[in-house]
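Letters A, B, C and D mark the chains in the order given here, with residues in each chain numbered from 1 onward.
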Amino acid sequence: MDRAHHRLRSPWPWAAILVGCVIGWGQGQRAHADAGVVAGTAAAESILNEHRLPLAAWIVGIGAATTIFVWRARRGRPPTIRRIAALEAVDEAIGRATEMGRPVLFIPGIQDMDNIQTVAGVTMLGRVAKTAAEYDAAVEAPVCRSLVMEAAREAVQASCLAAGRADAYQPDRIHYVTDEQFGYVAYVGGKMMREKPAACFYMGCFFAESLIFSENGNSIGAIQIAGTAESSQLPFFVAACDYTLIGEEFFAASAYLSGEPDQLGTLQAQDSGKVAVMSFIVIGAVVATAGVLMPSAAWLGELGALLRKAMGG
Amino acid sequence: MNRQRLTWIVIGVVFAGLLVVRGMTGQGLGRVYVQHEDVAYAKVETKSAQGAPTVAWKRVAEGGVADVRWQEWSAVPPKAWFEAQAKDPRQSAITLSWPRTIGLWLAAFFTLAIFSFLWADNVFYKFAEATVVGVSAAYWMVIGFWDTLVPKLFAALVPAVVQAHVQPSLRPVDDVQWWSMALALVLGGMMLWRLAPRGGWIGAWPLAFIVGVTAGLKIVSHVESDLMAQGLATMESVVAVVPGADGATDVGASVWGTLANLLVVVGVLSALTYFLFSVEHKGLVGGTARVGVWYLMITFGAAFGFTVMGRIALLAARFEFLFDDWLWLIDPNHLRA
Amino acid sequence: MVLTRLIPLWIAIVSGVAILVSAFIRPMESWGENFTDTFNVIAAIASVLGAGSLLKANLAKVSRRDAGWGFALVVLGTFLITLVVGLGKIGVHPSHDFPQADFGGKQESADTPFGWIYEFAMVPLTSTMFALLAFYVASAAFRAFRAKNLEASLLLGTAFVILLGRTFAGVVLTGWLPDWASGLRLENLSVYVMQVFNTAGNRAIIIGIALGVAATSLRILLGVDRSWLGGGER
Amino acid sequence: MSLLARLQSLDRRWIFLLMAIAVAGPILWSGLTGKTPPEQPTDAARRVLKVIDDLPEGSRVLFAFDYDPASAGELQPMATSLMRQCAARKLRIVCIALWPLGGNMAQETIAHVIRADFPSLREGVDFVNLGFQAGNEGVMKVVLTDFTKAFPKDTRGQAAADLPILQGVRTVRDFPLLVNVSAGYPGSKEWVQYVVSASEGSVKMIAGCTGVQTPQMYPYYPGQLAGLLGAIKGAAEYENLLNGVMGGDPAPKYLEAQRRMAPQLFGHLLLVGLIVVGNLIQFMGRRGTRA
């Protein structure tokens, strides 16, 4: 098992990435050639969209930082990551549910799998389910999209296997309710009042239901941990839940909880991206300010334009 | 338990009594009126300029020879019925619609049933909850079928059928669309394989495809329109020079503008510092992060204030439904007078 | 292992990277748009699985005579009725533009059974559920918005300024301020808060989220995080 | 039991009751007397009025209805007034929707405003409803390159390419103004990100948003967003301004937002009161334990 695992880790993903690049590029070439023939004109513009080169540079940069930090972490230099209180509380919340003999409720948001927050939410569900399987607590996850149901079952089944508790996986606990936002809310609200879960996790993309869930959760005395990147809902989670993962913290949660060096390495890559943006902001603002104060210095204008271009301006 | 049941019975009886009183005073309450229209179309065959036969459909007046006919009903304000009745008490152009009147009372019942959850979980809420789950799950499946599968999948793969039965004006799709629909059909089929007794693992493949493509798409859209665009927006000059009415610099406005710009830059930088993961929040970083948290809290406070506005408006709309459409207590849109 | 782990991993990485690369190549920029249609069709097909799950859960409740099995019956009944009238376009008249197409009519108006269900069951139920939020906002305001520390006080203070500044109450309370101090009137104060502090806070949150999304996507595309496939660490 | 202790353990159902009274009372008052609370328009609403007013007669306006009945209480008054001003200014209105039920909302707005008060306008020539298209941002990207590919037919089933109103429209850039009334995703934010930024200034945009979305839209205003109506308050201000411009006694449907400000006012005051009382209780409770 360990060997297979290791083999998966090393060169294979890179081969897959390469294949993806080749397919993408090759199809582009072909489509471009076809277009040329049909239009009967020589390709006047490059098939590469050079307006998007700065974007490509940013993505390659973040990708390179990720690779470097993952590589460093594997070489035995795992990064130190600051404490995130909400995530330290996950085990405690599940433990309490176990003691009280009540279920854990997990809501992976109300959007479909084409929303990256849902993907992050399902990943978190896997982590929570693993801990719950170890503690022998039941995780209930009603969902409002059929595809999310399938993905969630997949993740929970694998987590139970990984925890050595294949018997703990009960697919019926992850069930579809309805695609309709408030139909789903009505169902979950009623379920909370009747089954009184001891711990509630809201991890994913949320809209108006955030406050209905968290106020109902509060009234039944559940420990509530929320995480979302929907900034309009953050105030309600912050006010009504015990712990909240704000924006970027939510995306870091899965990596943080895994505790694996590679995953923690990607958090460092995230930080390096932040530092890069902050540097651009500082330098850009200083150059722009200097340009206003010294309108005669043309080089300042050029430098400013260059910096803006690097930001896609 | 007994006391709760008694409370419900008392509330119910008082409420029903008030409804009866309301029904017997003034114009009454909760009725919907409709008028109907007969629609008839006849097939007309013509020849186009090239001589090819084409078929057109013409609306025919009442009583004419038609190939297709049907009736349409549309709601009218009660005022129209009152006026029609005043002119001719035996008129039948505008009539009471039983289905819609029953529907209106059902809607009022559902509205009150959901509100009753605020008191406590109860049998009315449970009934409303079961209804909304059943109806809405089916509703979205129907919408998915008629608005996604038919015009996208079927229109690409079996255009003749769609043209014959749903949308005669359908135009052929291009190759890329055809292939993307064929792919969707294959992946959807793999998804459904889960229902088969064996080989359910194949359902993980379409999921993998979706997750992979989502990752590829989102990284582009978020880095481009969020990271770069918001960074760019902050790379502005801090010093603001605001021209006044006379062409000279308006000092007061410029100072305010400069201060505002400075506060924005400081805010973005400090709040980003809060999100740093690989540095302990101590010393300078800790202090900056704390300022960042202040900014975040002000942002959340603003979001709270604005959200509240919307929520009250929604509640107001439900009360208006009860008072206006159902109980006929108020008439802000002059539908009855 | 190969069929259940390796191939899905390959599918995800190849398709993700291909779509990523396509964003930079002119003739292929529309790939991403076509994916939306592809996804919606897959999701529509997969709703059969959702329907199966819903039916199974409720049928089980009914057959086991669980507490509240009568409500499970209501779910089943309303679900099946809505599905049948909606898919069959029962009672729907043809459209005016194509009277010959037997399934060309719209079922939005309340004179079709599906439209009736929508207007008199779904709309009141869902919008009343939405309206419950006003009550929850009130109880959260009373219970949760406490000036426990500086951070919480800032949140509170801002909410105050916006709440008052966005109604006529703000005009009454601070309208007496002279013109030179008009910037301190609540309605103007709320605009400053929005344009300065809210803009800065939101920008930082948005940039952070963008980086979070980028890292999450890269974890998937570089094969670092495979837990979405089930079990990263074992 | 002391008052303080009683307040500390107050059943939240009392708060629910207060909220119900604070909202229902003003509705009944306003409904029975026909009065609306006074209104003072801010700059944001004036800007919206001016942007539409500045367009030459006959300009095309793309009107995106990205909401559904659940948010109609807050957004319908905006859509009504915006469409009224566009119709009165003799602009040509092209309605689209990225929300499944948005097409219906457009249809209702057209019935309420255009068919009722501007009966001379012809469907397909002066206005049209192209209905809903699935695909969220995908649709926005398509309208940037080929408008009728994204919206191939109108709600009557006619091919969009044949409609007189769309002659000469190749992409979304052929619309000088985009009006968007939106309740969430996809909505104003996406329109700004994908369409307004990509149009390099050729498309101006006005957004009418729910209260929830408004804070997220402020970073784009007044840059990429030419006008912003936030929540029912924004709608009421704009409605008030427009009624002033149009003159005469406004029909009740054109007073909807201002009428809704009555419950809004009392609801807000109640919330402020609840926050104050909640904090007082905590403050006094803390002092009590210290003593």
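Going forward, a residue touches a chain if its C-beta (ideal position, glycine included) is under 8 Å from a C-beta of that chain, and two chains touch if they have at least 3 such contacts.
Treat the numbers as computed from the prediction; the structure is a model and nothing was measured.
Counting contacting C-beta pairs between every two chains, the top pair is B-C. The mean-CA centres of subunit B and subunit C are about 10 angstrom from one another, to the nearest whole unit.
We define each chain's centre as the mean of its Cα atoms; on that basis subunit A and subunit D are separated by 31 Å. In terms of their C-alpha centroids, the spacing between subunit A and subunit B amounts to 26 Å. Within subunit C, the positions touching two or more other chains are listed as 9, 13-20, 23, 29-30, 32, 34-37, 39-40, 42-43, 46-51, 54, 96-98, 104, 122-123, 125-127, 129-130, 132-135, 137, 139, 143, 145, 155-156, 159-160, 163, 166, 194-195, 198-199, 202-203, 205-209, 211, 213-214, 216-218, 220-221, 228-230.
Within subunit A, contacts with two or more other chains are made by residues 52, 55, 59, 62, 114, 116, 119, 147, 150-151, 154, 176-183, 186, 208, 231-232, 234-236, 238-239, 246-249, 252, 267, 270, 273-274, 277. Annotation for subunit B: residues 114, 117-118, 126, 128-129, 132-133, 135-137, 139-141, 148, 152, 167-169, 191, 194, 204, 207, 210-211, 214-215, 218-220, 222-223, 226-227, 229-231, 233-234, 265, 268, 272, 275, 296, 299-304, 306-309, 311-312, 314-315, 317-318 touch two or more other chains. If you draw each protein chain as a dot and join the dots that touch, every dot ends up joined to every other dot.
Of all residues in subunit A, only 181-182, 207-208, 219, 231-232 touch subunit D in the complex they form.
Of all residues in subunit D, those touching subunit C in their complex are 10, 12, 15-16, 18-20, 23, 37-40, 42-44, 69-71, 73, 104, 107, 134-139, 141-142, 145, 155-158, 215-216, 218-219, 230-231, 233, 261, 264-265, 267-272, 274-275, 277-279, 282.
Only residues 29-30, 32-37, 40, 95-98, 104, 106, 108, 123, 126-127, 130, 134-135, 137-139, 141-143, 145-148, 156, 159-160, 163-164, 166-169, 171, 187, 191, 194-195, 198-199, 202-203, 206 of subunit C touch subunit D when the two sit together in their complex.
The touching residues of subunit C, when paired with subunit A in their complex, are 1, 5-6, 9-10, 13-29, 36, 39, 42-43, 46-51, 53-54, 56-57, 60, 122, 125-127, 129-130, 132-133, 136-137, 139-140, 143-145, 155, 202, 205-209, 211-234. The touching residues of subunit A, counted against subunit B in their complex, run 52, 54-55, 58-59, 62, 79-82, 84, 113-116, 119, 147, 150-151, 154, 176-180, 182-184, 186-187, 189-190, 193-194, 231-232, 234-236, 238-239, 246-249, 252, 256, 267-268, 270-271, 273-274, 277-278, 280-282, 284-285, 288-289, 291-293, 307-308, 311-313.
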